[in-house]
Structure formats: C-alpha cells, structure tokens
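Presented below are the structures under discussion, each in the form of structure tokens.
Two complexes come next, and they have one chain in common, subunit A, joined by subunit B in the first and subunit C in the second.
Right, the complex of A and B next:
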C-alpha cells in the first residue's frame, strides 16, 4: 500500500468515527429534550458518513495491487515473458527426462 | 525470501531445470541447495510446498552428479511418504538409473504396480536407452492406449514420431495433446512447425509441386495464427507465420487462393518489427525475431 492510500484510508476512518460519535451525541441530546420532537439525524452527520465511506473506498482502490489482465492472450504474454508458461512442461516432459544424458551434459560443462 | 520461493516454485512447475544453460543451472542449484540445507525451507514453507522443493532439490542434485545429497533427500521423502508413494517410486527409479545403471532401475520399476503412470514412463525411458526408435514408439502407443488422457505422453509420442520422420503421425499425436490442453499455444506453434517440416519433406520426396504440400503450408499458417491468438505477440508464432507465408508466396501456380497469405506476410513482418523495436519480449526471443526478419 502506498503512502497516499494509507493516508486517505486513515483519514476516512477518522471521519467515519467522528460521524458516529456525533450521531451518538445527538441521540444523547434528544433524550434530554423535554418537548416531543420528530428531529432526525442532522444533514451534516449524514454527509460526513457518506464522504467518509467514499474516501475509504477510494483509498483502498488507490492501494490495490497491479491488476491482472482479463484477456487470456495478454495474461499468457506476460507469463511467456517471465518464462512461466503453464504449458512449457508439454515440451520439456519431466516424466520422460533422460537422466543419464542430463548428467553427462552437466559433467562435461563442468570441465 | 519470497523471491527465492518464487524462483524455486517456478523452476518446479515449469521444469525449467531440464533445459537451462549450465551457468543458469548452477545458479538455480546453488539457490535451492542453500535454501534447503540452511533450514530456511523447513521454517518458511507449509508441508505441501516444502516437499515440492525437496523433490526439485533431488532432481537438481542428481543432474549435478551429487549422488549422496540426492540419496539423503530421497531417504527423507521415503520416510515421510513410504515406498509405495507414486512420486517416491519415480524418484527412486531415477536414482537407481543414474547411480546403478538401467538394469537395476528396470528391475525396480518392474516391481511397481501396473497402474502407476510415473514409473511406467520411467520404464519406457529405460527401454529406450537400450532399444531402437520403433520399439520406443510401440511402447508409447501401448501407454497412451491405457492412459489416453495423459497429455505429456502424447507429446512425447509426437516427438518420437517426428524424430523418426513420421510427420503425419506426429501431427496426429499433437492434435491429441490439443484436445486435452486446448489453450496450449506452444503446442499450436509446434503443430505449425511440424506441418512446415512435413511440407519440406514432401517437397524433397517429389520434386514437382503438389496440392498436398500446399495444404500442409496452409495448415501450418492456421496453427501459427491460433498460437498468436492465444498468446499476444508470441514471437515463435509470428515468426512461423512469416516463414510459412514466404514459402506460400514462392509456390508457382498455386491451386488455392493465396492473396490473403500475401497480406499475412506483411502483418507478420510488421508485428515482429514492432516487437523488436519496442523490445517487447525476452532477450532470446528478440534475437530469434531479428534473425527471422533478416532472413525472410
């Protein structure tokens, strides 16, 4: 995760916590009101919650790993470049390896 | 540490150690040897991966001629999985073949159950070293009859046929591989290459031009194109397209329509030139792309 993504995520969590605490304070305040009121959660708390959630999602996406290609051909190209082809065994055929020949080749290369 | 694990896992899954150049093999051996003997492997890997690394280290030591090391790893694996484990059986037969000769190994694999694919393969390999190609092919045919879903055996059969110059049979075996592993772009390219060689052998046999040769070349292009469809910018595939379309263009009085192949030649040239220009491939592939561009 990059520095920016961590900062944004932490900031969004602080905001979310703040919004939550404000909502709690507000409910507390309502309890002490003697007049019957149909007051709902204030708009600024709702806005703060929405902004915090959006920021959190944004921060997480920023810190995501390099995305893998969706298309098989592009994915295969990347693997082929790194020498990680999943089909290479069909041409190397480890089950049929000629161990005597490999040993001889290694021994002669060593000399 | 992750990188070491990645290198070893990659070597194990792609069996790259079978085709590495001596220096690269040596460096892989050193990495693996250090990782296993320092105890880092046992500390950092879950059991399933740990024994894969041990198996790899066994192959590396036996190829490097370090028989005592190989024997120690084999003993560890045998203690853990017992003699009757399929993979331990394969390792033991390879060990015997390398250290005590094919006869001992043959004796060992003959005592294994008939359903054990790995040791059956070893048996065929040992027989190969003492017999001729025709015998080898007939043994492989018996094996694919009993295990028709083993792509590796079909691929081995294809290579044995190609070595014997029986290209039509080789192509059949490669098509069987494709039925089992349809996305294997390297096998698609190999079919293209085999068709191309087949066309050359037909041409050498009959000096005059024939429809059969042309059909082989058309088929080669088809499979090379399939390989680049499956793997973008696959140098082997584009090089195949380039070489084959050049051959098609050289045909005098072609029976089929060849105008598409002329266009394909240009496309392949452009793609290869672009790959070389942007350095968009591994070093060895770039070198082959340059060579093909120069000669065709």
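Right, the complex of A and C next:
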C-alpha cells in the first residue's frame, strides 16, 4: 500500500466514524428531545457517509496489488526483467549442454 | 481444434497471473462491501434500497478497478473484458448484510 492510498483510507474511515456518530446523536436527540420523531437522517450526514464510502473504495483500489498481464509472453517478459525467468531451470544446465551437437543441429537446420 | 483453442495454443495464458488477479479483485470486493454495509447502516437504508446501494457501490468499485487497475484494458489482465465488471460481485454480499444490520442497530439510539 502506498502512502497516498493509506492516507485516503484512514481519512475515509475517520469521516465514516464521524458520520456514524453524528447519525447516532441525531437519532438520540430525535428520541429524547423532540415530539415529532419520524424525521430522516439529515442531508449533511448522508453526504459525509457517501463521500467517505467513495473515498474508501478509491483508497483501496489505489493501494491494491498491481494486476499482472494474463498473456504468458508478457508475464514471462516481466519476470525475466526481474531476473526470475519461469524457464530458469531449463536455461541454467550448462553441464548438460552439448555445444558441438547444438552447432551441428543449427547448421543442418539452416540448409 | 476450434478457433479459440488454436488461439490459446499460440498465445498461452499465464494461470499464475490469472489467479493473482482474481485474488486481488476478490480482496477489493470483500473489503469494500464490508464498508458499504457500514454506510448502508448509517444511512438507515431498509429492504430493497440496501441491496440497490450494494449493487451501486459494486458498480462504482468495478469502474474504479477498470480505470485505475486495468487502465481501461481489462483484456490484458482477465480472460474476458466482462470479468472485471461482473466477477465476484456477490462475494461480499453476506459481509455487506452483516455490517449493514449491525450498524443499522448501532446507530439507532
């Protein structure tokens, strides 16, 4: 997770907590201090909740692991650049390599 | 050998990256759907509106993944383009309902 995504996520959770506490207080006042108790959640709490949720989703997607290319060629190319070839076990067997035979094969294939 | 098989033989797919990408999408879906539940509870949504909220939020997350993770080219990272829009959309539904009902009760003083 990068710094930006962590900051956005923490900020969104703080906003969400604040919105939740506000909604709790609102419902508390509604029950104990008013006669008319069929009011809905105020608009600013709704806005805060939705902004917090959107920010959280944004932070999570931003901080997610990078997707890897699904094409084997591209995926292997990326790994080779890091020095982790998927065919390393085939490429590093110098003891089994018969250079003379390989040369003969190459020469006959060229003809 | 039909067209699709031949294409896969010439351009093979990496099962490892398919699994990795599936895991990443699944993780994002699970975490965000939990928070969607918290929001739905705070907003005091009831019945169909809660589920509508869930599907709206999931669509929003799909859009974010399409733009930020796949950079507009989902076929690069998934076998088909619709995987990023419809894949694992129901994975977080149970955790959504869990936190939705929990916070609906918590917020009600």
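Quick notes
Throughout what follows, the second predicted complex is superposed on the first by the 67 of 111 C-alpha atoms of A that agree within 3 Å, B and C clash if a C-alpha of one lies under 4 Å from a C-alpha of the other, contacts with A are read in each partner's own complex, and residues count from 1 in each chain.
To be clear about the criterion, a contact is a pair of C-beta atoms (placed from the backbone, for glycine too) under 8 Å apart; a residue touches a chain by one contact, two chains touch by 3 or more.
Just so it is clear, the structure is predicted and the values come from calculations on it, not from any experiment.
Of the two partner chains placed by the overlay, only subunit C lies in contact with A:65; subunit B stays clear of it. Look at A:51: by the touch rule set out above, it reaches neither subunit B nor subunit C.
Looking at the shared chain after the overlay, A:15 reaches neither subunit B nor subunit C.
Of the two partner chains placed around the shared chain by superposition, subunit C is the only one that A:28 touches, whereas subunit B remains out of contact.
Once the two complexes are laid over each other on the shared chain, residue contacts for A:76 go to subunit B and to subunit C alike. Applying the stated contact rule after C-alpha superposition, one finds that A:40 touches subunit C and leaves subunit B untouched.
Shared contact residues of subunit A, touching subunit B in one structure and subunit C in the other: 71-74, 76. By the touch criterion given at the top, residues 16, 19-20, 23-25, 27-28, 30-31, 40-41, 45-46, 49-50, 52-54, 56-58, 60-62, 64-76 of subunit A touch subunit C in their complex.
Residues of subunit A touching subunit B in their complex: 71-74, 76-77, 80-81, 83-100, 102-103, 105-107, 109-110. Here subunit C touches subunit A in the complex through residues 11-14, 16-18, 20-21, 24, 27-28, 31-32, 35-36, 38-39, 42-44, 57, 60-61, 64-65, 68-70, 76-79, 103, 106-109, going by the rule given at the top. Subunit B makes touch with subunit A in their complex at residues 10, 13-16, 18-19, 22, 25, 59, 62-65, 90, 94, 97-98, 117-118, 121-122, 124-125, 129, 151-153, 155-156, 159, 177, 181, 183-187, 190, 229-234, 281-282.
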